[in-house]
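Labels run A, B, C and D following the written order; every chain starts at residue 1.
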Amino acid sequence: MTQALRLGMAGGGEGAFIGAVHRMAAALDGDWRLVAGAFSTDAGRNARTGDRLGLDAQRVYASFDAMLVAEAARPEGERIDAVAIVTPNHLHAPMAIAALRAGFHVFCEKPMAISSAEARAIAEAAEASGRHFGLAFTYSGYPLVEEARARVARGDFGAIRLVQVEYLQGWLSRSIDTEGNKQAEWRTDPKRAGLGGCLGDIGTHAFHLAEHVSGLRAEALSADLTIHVPGRRLDDDVSALLRFDGGARGTLKASQVAAGEENGLKLRVHGELGGLEWSQMEPNTLTLRWLDRPAEIVRAGGPGLQEGTTRLLRTPAGHPEGYVEAFGNLYRGFAAAIRGEYGAWFPGVADGLRTMDFVEAMVANSAGDRKWTPVVTGVES
Amino acid sequence: MTQALRLGMAGGGEGAFIGAVHRMAAALDGDWRLVAGAFSTDAGRNARTGDRLGLDAQRVYASFDAMLVAEAARPEGERIDAVAIVTPNHLHAPMAIAALRAGFHVFCEKPMAISSAEARAIAEAAEASGRHFGLAFTYSGYPLVEEARARVARGDFGAIRLVQVEYLQGWLSRSIDTEGNKQAEWRTDPKRAGLGGCLGDIGTHAFHLAEHVSGLRAEALSADLTIHVPGRRLDDDVSALLRFDGGARGTLKASQVAAGEENGLKLRVHGELGGLEWSQMEPNTLTLRWLDRPAEIVRAGGPGLQEGTTRLLRTPAGHPEGYVEAFGNLYRGFAAAIRGEYGAWFPGVADGLRTMDFVEAMVANSAGDRKWTPVVTGVES
Amino acid sequence: MTQALRLGMAGGGEGAFIGAVHRMAAALDGDWRLVAGAFSTDAGRNARTGDRLGLDAQRVYASFDAMLVAEAARPEGERIDAVAIVTPNHLHAPMAIAALRAGFHVFCEKPMAISSAEARAIAEAAEASGRHFGLAFTYSGYPLVEEARARVARGDFGAIRLVQVEYLQGWLSRSIDTEGNKQAEWRTDPKRAGLGGCLGDIGTHAFHLAEHVSGLRAEALSADLTIHVPGRRLDDDVSALLRFDGGARGTLKASQVAAGEENGLKLRVHGELGGLEWSQMEPNTLTLRWLDRPAEIVRAGGPGLQEGTTRLLRTPAGHPEGYVEAFGNLYRGFAAAIRGEYGAWFPGVADGLRTMDFVEAMVANSAGDRKWTPVVTGVES
Amino acid sequence: MTQALRLGMAGGGEGAFIGAVHRMAAALDGDWRLVAGAFSTDAGRNARTGDRLGLDAQRVYASFDAMLVAEAARPEGERIDAVAIVTPNHLHAPMAIAALRAGFHVFCEKPMAISSAEARAIAEAAEASGRHFGLAFTYSGYPLVEEARARVARGDFGAIRLVQVEYLQGWLSRSIDTEGNKQAEWRTDPKRAGLGGCLGDIGTHAFHLAEHVSGLRAEALSADLTIHVPGRRLDDDVSALLRFDGGARGTLKASQVAAGEENGLKLRVHGELGGLEWSQMEPNTLTLRWLDRPAEIVRAGGPGLQEGTTRLLRTPAGHPEGYVEAFGNLYRGFAAAIRGEYGAWFPGVADGLRTMDFVEAMVANSAGDRKWTPVVTGVES
């Protein structure tokens, strides 16, 4: 009998956004059951969250460390299998490392850490522990992102020439970060967010998607990081030129001051024979354009999908699957890997390290006068 | 502490489509926990389904009746609160009535039953039992359907003049119903599906959506039911003209032989001052058009939403919510009603009776030479 | 040397809409040169229009009859070749018949006339004169309408099962017809517009497009003509069910009170193997959907077009061609026919008669209690 | 009486693309009449083109110079008013200067010339002659581009922060330039095309649109010009970062190897309060997004347009106007300026100089290691 895996959560108290998403994603397919948590350092908030989630009050812990200790002390088969870390960025590394060392698998919100050095420390801890480390590069969980990736890899478009990725939001158009919005506040605080503001929060998603789908590695970049809102301490707008191995050229645009935009992550890849376009806000459609024949609209659940795409779908064509389902695919892949299933995939250590190196190269380039900065990664995927 | 409610399921063995959707929808928000089931009359399939779902083998029952008896015998606080009925249509009424009489709430797949008489029997059983009867008119669970309904009700468009609804699928374009496709087979069998084929399966969704959003009642209709695929025993294509109270005119088109279409449910409503358009395959967008100012694109999570819409959303703007989330909203409303929460809404008895009367009027009209047939409902909503 | 043909115009004085469109359409490809006109019965308006168009004042005539007489008296090679009739509907027949009898070709705004009897009189005059009679069913001049027609005819979709056509406008949502809007005034006056209001003005376009592209003939129809705006004398809203030869089923919706809609003519045709969708407001795209493979987006100027489509295009892919260009294609076909070129096509007598019979069948059915009324045409195309 | 102005054309022999577009654009509104031409240096082709256009054979000249001389010798009121230059780029400057000096107005295809120095020579000749010099930055002739410009200028979006422009084509994805395609051949030949390939051909359009609509001036840029197709001599792909006066940040992407793309010119501008999006392939729609209210869809002919937009439209809402109509608006503005009408606008000398400086800055930057190169213009607009 396939038992649901047991999950403990760090962060995600009432009012937080991403914690609730992790919980829905984990619950969706019955692979996970949330049984423990250290949701908030505010005792009342912590207790209320646990109560609302129907947890046993004894497994709602006052601190992350307390959770690790108490859970590790439980008999095998009753303790948690993994922790989900959904705190601000600066806590990712210490928590992940502690959990890995305590023998738990870790599924962590992105970015991996607030510096490349921290990220490497996580990588080493994961390596040493033999535990899985998953990272919520959610957008790679969309079925049609997998379809896009597989088609590029199969050579449908010939050699790739162009990669264009953009991620436009508008929610930081005003200085809400200094006016009490918690989400905005920590994301624009270098101590809690790290080197990049918009860059770390959504630029990393864009970069990850571009490399993940194109199968290419950016060799060098030229960046322009900007702070548009007076008083803000981290970039709220990012532009970059990219040069990929093999000669492809790329552009990356990410902004949190594109007023009126929602969550506009869009990827386009063009090769010798045609190109593809995928947009997160209509995630069930993948447009393919061709030199010599009409464009095709590949649809979730429709004809023409690769087998790996179909496995990520839950409903027939025309029944929209969304963000929570994409997220659920990561949790499903993570569970499958823990269970040792063949072919299980989820974004992890290599994806995290790569994006941390990207952030550091972007920040370095933007501060200087040189046109190109290499993107170097110590650990290969 | 808010305990999750306990759910037992009838039908939905491995390989079935809609049972899995009910399970995801129920799990999504933590309001429900599946603890029992009679998934299949095939003992092996039943056991495998229960096992895969992690159920206690003792609560995987050989029959629906066995489930009712055994669960009713469990102590309060341990027995199931409700049953979800996800069998073919002809079993809805007997199962629902038995469950209601046994003291359980019922959440049932649509259509309510295979005849208006059966539906009325369910209504009476629900009335007598004091239990809730919910019906999976899933599309009314989409947040922007609620937004549309609320805006019409508020009078944004003035008096309504036009209602156009369509639901186009193509999956029955070939005679797969006689070639081993289980889903197709029972849906085209009058004994198991009822009076209508396409009409009952998706025409009822279209009709429900039209009345639900417009707030109008169809008084009369003129119908053309067609069987396009040779040998099929129930309609696979439906067209109708509708006349609503207050003078609005409507068209309803539903087809399962619109080759190449997926799940194209679309509603348009126009009044004196403007109109709205909503399409299930891009459910997070509601287009409003106006006589005197530019069209507006109202978006899930974006500015301008009614409070009732916002309550149905789980993520910020630009994070697509889909079919499972809409379905989850029905389960959430159903749970809230059971808990006695104020303002809880889910489609139920009145919605079911109304659509059964629609089906019977359609079938009667299509068979005759008279232009108009009234749509009469014995029980008022 | 290919001389431009000479055109005289009836109606289309300053301020009129469709006259200006005819002039642009005729000028676009250099096939026609406007040299004469009787633009208005208001002498000043007539003169000003001629002057603004740079016409020789002597060829700006006080009346249509004066134009016919004077032009017929000019030497061959100097007189007009054809007249364009762009007056209200009730003048189409008398003017067209007079012009044909005077030896001129006629290009006429639709509808052909205000009754089937009048239309037949035109048909006879055209037959007797040996002159061409063209009718401005403009939408059949769009390149991708031709592409759609040719693909249906070639059997790409197998036998046709469904035809859905709609034409939604909102400009008559208010009673502007009684408040000084000239366009609205005559279109809602039975004496000048004929039997149908919305039906004659745009319902005929919809019906023509449906039969033209599907290659089918509607055998019977069931109609609901409505007047939504109080005090209006002709229908402003039309719904119909259609039954085509060969068993296809259709719906037709036309409205001029769909508040907020612009000029929403849309056609969908589905057969056994797939379907097509074309929308006038994005006329350079034709969507093809298939049972077994991804949908295709066929684009004006792009790969995959039939030769007959390409001939109707003036620019490469991605350079939008619009309404005036579609209109120009009719004038081009009309000129080509006059010059005796092989394969020239334009909508003419048969198209006009057919739509008049449609109007009469719709009006008759809507007034009665019978469900179906046959659409009979005396003259075959 | 308003006489049509007389036009002579240089280039545009049979088979050429843009010459035919100029002729349709000039004919559309009756403002211009083509009466003379030197269409080709191939005598037969020249004659055939003149014949097909119905020109007097005496005004079909063997050379551009012959046209200037002969037309200048005709009496006033019979000679041409202006020349349209539609030759490859390297002939623009010598022809334009000669025509201006001969007293004719000039309407020239873009780019203005093959170097900034040449462009300045044209500017001086125009200044000295007192004649008008118009430049075919066609896309600025679209009504909704004017709407966008006017709304930015009025401050609807607050201070502008982001400008994103892209122009994607795929027609040079293969080496058709070395395989007999005339259009491709000269456009990739530095002698005839100038410093930039894709950059000069469509990058200039993108840059012009960005500055024209945003009302901003790019102060510095960072560029990556690439040749993707082996053997090609000029860039076929362009990426750039832009810094505008006032602090706005921009990205510019132009490519002719984006396989499968048609003519994808798209502009997005975001300010403090909202943003706009316009796409050439659906030119009658302008999308406005806002921080605090739903997005709006502004449509050609629909409600909410500025008066200057309405003047550029010929048909009511829902009747698509396209590329030829946009082009016609330039010819209309050019004619109006010649006639001395108040408020006449067309792109001219300042637009041309600016884009030449852009080309030179792009080429210089791309060749070097410095990150930023200023865009300097000697002549202010």
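We adopt the following convention: a contact is a pair of C-beta atoms (placed from the backbone, for glycine too) under 8 Å apart; a residue touches a chain by one contact, two chains touch by 3 or more.
Quick caveat, the model's predicted, so the values are computed rather than measured.
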For the pairs B-D and C-D, output the one whose chains share more C-beta pairs in contact.
C-D
Where centres are the averaged C-alpha coordinates, which chain has the largest centre distance to chain B?
D
Expressed in whole Å, how far the mean CA point of chain C lies from that of chain D is 35
Rounded to the nearest Å, the gap separating the Cα centres of chain A and chain D is 43
CA centroids of chain B and chain D: separation to the nearest Å works out as 55
For chain A, what residues touch not just one other chain but two or more?
261, 288, 290-291, 295, 299, 302
Spell out the residues on chain A that touch chain B in their complex, using ranges where they run on.
1-4, 17, 20-21, 23-24, 27-30, 51-54, 169, 171, 261-264, 280-284, 299, 301-302, 314-325
Sort out for me which residues of chain B touch chain D in the complex.
287-288, 290-299, 302-304
Which positions of chain D touch chain A when the two form their complex?
157, 161-162, 164, 166, 170, 173-174, 222, 224, 226, 228, 237, 239-241, 243, 247, 249-251, 253, 255, 257-261, 270-275, 288-291, 295, 368-372
